[in-house]
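Shared between the two complexes below is chain A, which pairs with chain B and chain C, respectively.
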Partner chain A sequence: MGANEICSFAGFYKTPPVPFAPISCPAAEPDAESIEEMVEMEPVDRSAPLIRAWRRIWSELKSAPVTRWIWVAVLMTWVTTRFIDPPWMAVYPEDWVLPFKDLLNRLMDWLINDLSFGVFTFKEMTRSVAWLLEWPMTWALGIFATGVDIATGGGQMLHIPHLPWIAVVGVAAILGHAGKGWNLALLAGSAFLYLAVFGQWESAMMTLAAILISVAIGALVGLAIGIVTAGSRRIEAWVLPLLDLMQTVPVFAYLIPILFLFGFGPVSAMIATIIYATPPMVRCTMLGLRATPPEIIESGQMIGCTRRQLLWKVKIPAAMSELMVGLNQVIMLSLNMVIIASMIGAGGLGYDVLAALRRLKIGAGLESGIAIVVMAIALDRLSQAFACKAPVNLRDATFLKRHAHSLLAVAVILGGYALGMIFPVLMNYPETWEVTTGPFWDGMIKFININCYDQLEWIRSGLLLTLLMPFKRFLIGLPWLGVIMALGLVAYRLKGFKLAGLVVALAGFIAVTGFWEKAMITVYLCGIGVMLSTVIGLIIGVWAAKSNSMSRVINIILDTLQTLPSFVYLMPVVMLFRVGDVSALIAIVAYAVVPAIRYTVHGILNVPATVREAAVVSGCTPYQTFWKVELPLALPDIMLGINQTVMLALSMVVITALVGTRDLGQEVYIALTRADNGLGLTAGLGVAFIATITDRLIQAWTESRRSHLGAA
Partner chain B sequence: MKRKECKIKRRCTHFWLWMLLAAMIFSPASALCGSVESNDPIKITLHDWSGQLITSHLMGDILESMGYRIKYVTADYIAQFAGLESGDLHLAMEIWETTGKQAMLKSLATGKTEDLGETGLFAKEEWWYPAYMKEQCPDLPDWKALNKYVKVFAAPETAPKGRYLCAPVTWGGFDEERVKALGLDYEVVHAGTDAALFAELTSAYQRKAPILLWVYTPHWVPIKYKGEWIQFPKYTDECYEDPTWGGNPEMTHDCGKPEGWIKKVAWAGLKDKWPGAYKAIKAFHIENKEMGEMIARIDLDGEKLEDVVADYLKTHEAVWKEWIK
Partner chain C sequence: MIAPKTEKLTPGTVKLACRNVWKLFGKHPERFLAAHDNRPTYEQIREAYYIGATRDVSLEIYEGEIFVIMGLSGSGKSTLVRNMTRLIEPTAGEIIFDGMDLLKADEKTLIDIRRKKMGMVFQNFGLLPHRNVLDNVAFPLEVQGMARFAREEEAEQMIELVGLKGREYYFPRELSGGEQQRVGIARSLAVAPEVWFLDEPFSALDPLIRAEMQDEFLRLQKVLHKTIVFITHDFDEAIRLADRIAIMKNGEIVQVGTPETLLLHPADAYVSEFTQKVPRAKVVSAASVMTPLDSASPIPPTVSPVAADTKIDALIGRFINQQEPIPVVDASERIIGEISMQNALRVFIGEEAATHGC
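Moving on to the complex of A and B:
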């Protein structure tokens, strides 16, 4: 979180958010005038007048700004609906739906049942992977949560109890001190103490164990893929789209295949977590390795390093800070998966949240949810501290000094065990000391429900009747062919044929697989969600950028929103806003507003002071400075924020299916409960493609905008 | 010099690898002893409703008392059949006729799973309204009166139709068909989850607001909230298959929902691997009333699952000792 968006927390765009493009004009697109000149210089056109007219329009259009293109596209779609009759243009005919899902289903069946490498089958291979992964998992669980049983022969079992809570709190504090001094030590220690005091210890340790193992494996796998990818452009061309898919296909979509291949239980949950959380590590590794200054590499070569030495002793140490950023991202994304993982067999905090909410113990659910947040914040701050830590040269220090922290940690663990044997309260936190605020929250929701429901109901029906339903009807009414063509045109204008081809192909896939209407409902919900998030994000972002104390408060809220499982606030929202699109919308906005705010702050703070001063000197009022200088300059950053907002909104699609929306997320969810691989993957790809289309278009637009600003 | 250093380093890495291997060998080992047929754990699936957790833990505790090792695995209700067929999972304690019948029959047809009989519990699910609605709608629970109260149950977005809050789409239930076949002026709104469904009921109940929704039992909701089931024409198999049956001669589904058993389903290999357990599972039997009391203690009074289960086993020792004879 915070400043760590270098590799982006969803890791989506490939370039770090540079506030400004270099001033030199990029050679990407010739500007309007030069095209007009070219047109004028053309020799006399002898073709038919109609073609000539068309060429004229074309050249006009080519130079027109994007907004005009969008208008043309809208006009075209409207014309197709109005005047072109064949109904297949408006609604994709069902007979034309390609049996893509059945194909996928057959493919999965073949993978699971038939594929064999001679000595062993594919399924045996995946099962042995699962078996291998189970070892570290059982160990970690044993150490943190359940204790370890060791067979000593003769039917005797030696039971080593799990780490005493006091030792874990102590080690967290020591880690904090090692990372950034006393402040962080206090934060990390009290975060873990919170878990004990609020009665979340056992579940929290189960979650921690699972997270640590999946982070370790995810980071190693990511590092390996990143190293391979950084070395070859050809591999990169394969890996990058795959990473995009891993981050945009909803996890629910690939849960079923994972369950089939890796069996039921915590290991499958871990594999799903790894798939979801690894991409940022790959991206950051690539970024880090590619950014190694050539001088360092050259000096390494001069010393006579072998290739392996060059990689491990030169490039990787040089890229350490990027790697740590990647690690931080892996941790945060893994924590996002806690709830989903608990649905397929990982216990811990996620399971507590789900179980509490099924009983509608909202307070209890919130407490478990907050425990996830607290753990996330502690792990985030710790890993950030190590990411930013400047290396200290301790070569000449004494052994004791060099290893002060690790020695102290070992002492605390041993001491914890020893004390725990004498005073059992230090081993297992006693239940009587636990505090709960659950009933307070339940009471509060009840109070709001009884006293403010009429007002809320008024807001709800207002939103539904004036905004949501008309927009939904409008989008569903749009003809699919027209929309695809319009998207293609805009893409063409922004970046040429290659992008247009991609966009048309992806949108075409959605139509061809028969998910058009569901996709439109997805676009409708996420679209409104993104609009609201953007507006809120702009207002709060600007406010936070101008006021220091405000920004501190907002940062805490944003951290919470980002890591609190949306399930926790989804149920109270349903109580107050009923089942339906408004509840879904609120959930989307609560999650997707975070990057909108963060990037706005970032963009406005990055407006160079010189430019601002120049504006003031030339007599701008504060109002003018903001609207005419700061905002336009911050726009590229804000757009990147909106891009992230779109991604997060789309990632919520599956969650909102839990309150009863009828979109692609619902299809994915249905597929999950029916164990239908093909349906889930196809609908999941649909979501991913919507994300990809939006991402590419916004990126292209931002790029052109940046070069425009740079040139201006 | 450098070479040598590297070599030492490498040996160090090897040392750690060996340590790791050793650690693996001496790791949490499988238990031994006991007089049972196999020491492999019997994997029982857990879902996310308390009733199922209770039956599973009752069975698990009983099997453990016989010396079997038990492992609980959280799995999806429908997706678990894949695991039961492959032998990844061994026992599912609650398959409801109302929601899981098709999936179960499909799975049984493969021959890789086995039906271990009914649990004795009785599932019912139907349209339901809270008792306080009786004042406004005196003619309920007769379904024919539903159209009379459309206005009461309407919401702005469904108006002029009434709003009926239905279970998640994945649970089936044929309510769209029912509304059409019986000519009800209601719009079927699906909740995404059981939690969302009852969140709305809780909210409405707190305000004594009109609500018409899907409720099922055994569940804590009909225990905590007083209310009544709508009485539709009674379900028969023909009603769902034969359009001519019932009040609407052109359409199927012109009746209420089926009520039915809750069954235990196991991996087909369980019988040979753990014959003793197999017998005990087959014998397992519990009544709705006992179950309802336990659910209420857990979900409403906030008691711990383990305590409630242990309590039941203590007070009903004579009953379950019969099963394991």
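Moving on to the complex of A and C:
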């Protein structure tokens, strides 16, 4: 193939004359088109000129690329605002708002107060679930943080103290060594040592206990659901949309119902964490079980496994690496929830951060935040190490060698207790040895704020005046009906009526529940956040794809960024830019930029070498190669990255409500403080629906683009 | 449709038989089959967008023989053997195993039969990646609830039998393809099955290892005397190993017979296509090309005779030093014919006048 062709070939994609996705688009059928042409060419068309003009436009449009459709849609909405001006079209009238949230509130009331299964009520049921879950929680807390009281005979209480810090550090190091050798042992050990030295031990252990129990329950529940779902397409059709919803509805939205049903306390926090963290386990389980090579299953059947043996001895062990990936995800998401969970009663590091934030004690908050990060990194690396670990050939191993790690761990725990009895400093890390960095951070912030105030203020107001405000005003000014119609049109063009119907219904829900303006503010914050993330992501991603050493550095940074709980982003930003949209924006970008970079790198590295070589041979400059060949071919991947970016940005938007944005997230947050179930859930669904609309549209676009490029 | 040409070779006891077995892939295969009177044609199946993976297959497999099923890729070999083991449920027909219809067996019986009487080897080995060699081979015994010590002892024996002693604690990914398949063989033999199914066991291996594994397989069969169903798409492999071969095409059996029959009396062009490149002298036996003698006038042998089933390949060397025809004797040492140098040489250029079916 001539390389010249490739350059022009790629250029051709800039203005593709071929219609997209002919499958679901009836207009693309040949006979339908020829009829259109006949209509157009017919010399005596007696219909009114307006209709004739419309037909012309319509037939043009049908074959136009999506980008042109979007422009037309924007134009239409603009025209409706300027010239056709019934006010209800522009701003959704308040009397039309459906009392959806009241309905939800009444449903909640009924659930809590009236629903009864005869012997017991619904509320009694949920409370007893809470009571049941409290058991393992209390035990874990006792072991790690508070110590365990055991009743011995004669009304005596035996108090067993919590694990000595030295033992925990030791066990972490042993786990690290078992997982991946000395390097990881050093990392895990020093991470926990850090927690002790920097005075976060007690809170950290409370958090660790809560995380361990949530992860254990979440992973087991996820595994069970995954097993059931993998076995039946019918159940899958129910479970998958539910998982989607669980992952897109912001956590805040279901905090309130959980509070109502389970009460304030660590157990409620744990339930919220489990709801948030379980979906990836379900997905990974399904994936792993479905991906078992058929021959392995058949060999199990031929050996005469019963169904249960087939599941436990063949399928699940064969899917172990996927299950471990799922477990890693559960751990990371649970850690992500630490701060939010403390809003409904979890103690520990999350509570410290929240309390510090509320009192604007930046230094202290940052210290606890960093402690969460340190723990997250340690747990992430540990679980990843076990996920990637292949079974080892222990040919001549003795019992002692085979169980070296577990034996050593037991020895360290017992030894820790023994030594702790003799030297109390090994039991509880003495306060006098602690180092605090709080004042340092406070000082640094103060220094920056004093010395760079003008520059920071200049950035802040510059962003606000030139970018944020105009865009916000523009979005809020858009007529709701026009936007819904435009979305519907684009969806129709991409994938036909079904998608259009879904999109219109979801967007319509936001309008009729009266959240249109707030939703637009969410869209505005997210939109700008995504745009900035995409630009930054493209630049950095391209840079990383082109240079090996760069990509290594960037990978480490990305790994760290991804393990940070989203709250941590807020702190330094708020310190420098105070509360408001700019802080929110920066936090959003910092959190959401990761997938934009990752997918850009992936997409560009995946451009077939032959295509790139052909471009170079035909004389494309590096600049041309990039713009005309690599970028167009990598675009579907980049779009997927942007899709992820949108999802992350939306989940961050809700959190930024804490720093004073006025969007859907704020509604959810207000609902939380007022304990208004209906408000919280409705606004939460609104956020979820924005996410769903974006997700489906981008996916549809990517699909049609992919099939256009001839990829699978 | 070509009627399958079947014949009796050693009418021993039938161990496993298929009777009018059908397997259609598609939406409502049972309904479709019933609507076409249980015998739809190839075209009817295709037009209705079904896939006829097994079409009206009837065959009998005798105790102790190596029965090879062969055909091109996609001809339905794997599906047929999975019908026999009920890994795939046939749409219609009967699978008679030891006189009982396997398709009527309940799950418990089926599991029991698979545990005790069947063994299977897979093309891509189907080893459990998380278990080492010893645990893989011991797995069938473990599933049956045998105690650890006993099952590991038996597994050790199997591992030794296939020549992997010393590798017990290796994991599958640490072994070569040939070694992995030895593990698969050892595992399938661990329960001492009566019928042994092998679905293209050597196809994933390179030619040298494949030849080595075939020798190994024949050596094992000499010791074990199993009833074997062996699948391959390689005719050379088939004639090397088979007592009888069934040739499949589009889900249907075209011909069943000994390698020699297929070579000398192919049922159609499809079969002769397969046999074309085969070194004929290695397959054709003396009985097939001899000039038969009247039993009324037996001639006393002047040169030493050969047995009727001697391959031409093995006797051709004698014509270097002698001109006279070689007498052919049957199992009871009676002379039944003679073979001339001309007749023997014709085999090499593929012009032999077959005189005798076998």
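The rule is simple: the second predicted complex is superposed on the first by the 595 of 712 C-alpha atoms of A that agree within 3 Å, B and C clash if a C-alpha of one lies under 4 Å from a C-alpha of the other, contacts with A are read in each partner's own complex, and residues count from 1 in each chain.
Keep in mind that, in the parts below, a contact is a pair of C-beta atoms (placed from the backbone, for glycine too) under 8 Å apart; a residue touches a chain by one contact, two chains touch by 3 or more.
Just so we're clear, the structure is a prediction, and the values are computed from it rather than from any experiment.
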item	value
Partner chain(s) touched by A:Ile150 [first = chain B, second = chain C, both, neither]	first
Touched partner set for A:Lys546, first chain B, second chain C, both or neither	neither
First (chain B), second (chain C), both or neither touched by A:Arg106	neither
Contacts of A:Lys401 with chain B and chain C, given as first, second, both or neither	neither
Dominant toucher of chain A (residue count), chain B or chain C	B
First (chain B), second (chain C), both or neither touched by A:His159	neither
Which of chain B and chain C A:Lys498 touches, first, second, both or neither	neither
Partner chain(s) touched by A:Met571 [first = chain B, second = chain C, both, neither]	first
Chain C-facing residues of chain A, complex	293, 295-296, 298-299, 301-306, 309, 313-314, 317-318, 320, 390-391, 393-395
Footprint of chain B on chain A - complex, ascending	135, 138-139, 142, 148-151, 155, 157, 256, 259-260, 263-265, 342-347, 351, 354-355, 357-361, 446, 449-450, 453, 461, 464-465, 469, 570-572, 574-576, 578-580, 583, 656-662, 666, 669-670, 672-675
Footprint of chain A on chain C - complex, ascending	82, 85, 87, 111-112, 114-116, 118-120, 122-132, 139-140, 142-144, 168-171, 173-174, 184, 187-188, 191, 197
Footprint of chain A on chain B - complex, ascending	23-24, 26-29, 31-33, 43, 45, 48-50, 73-83, 86, 88-89, 155-157, 165, 168-170, 189-200, 202-203, 206-207, 209, 220, 299, 302
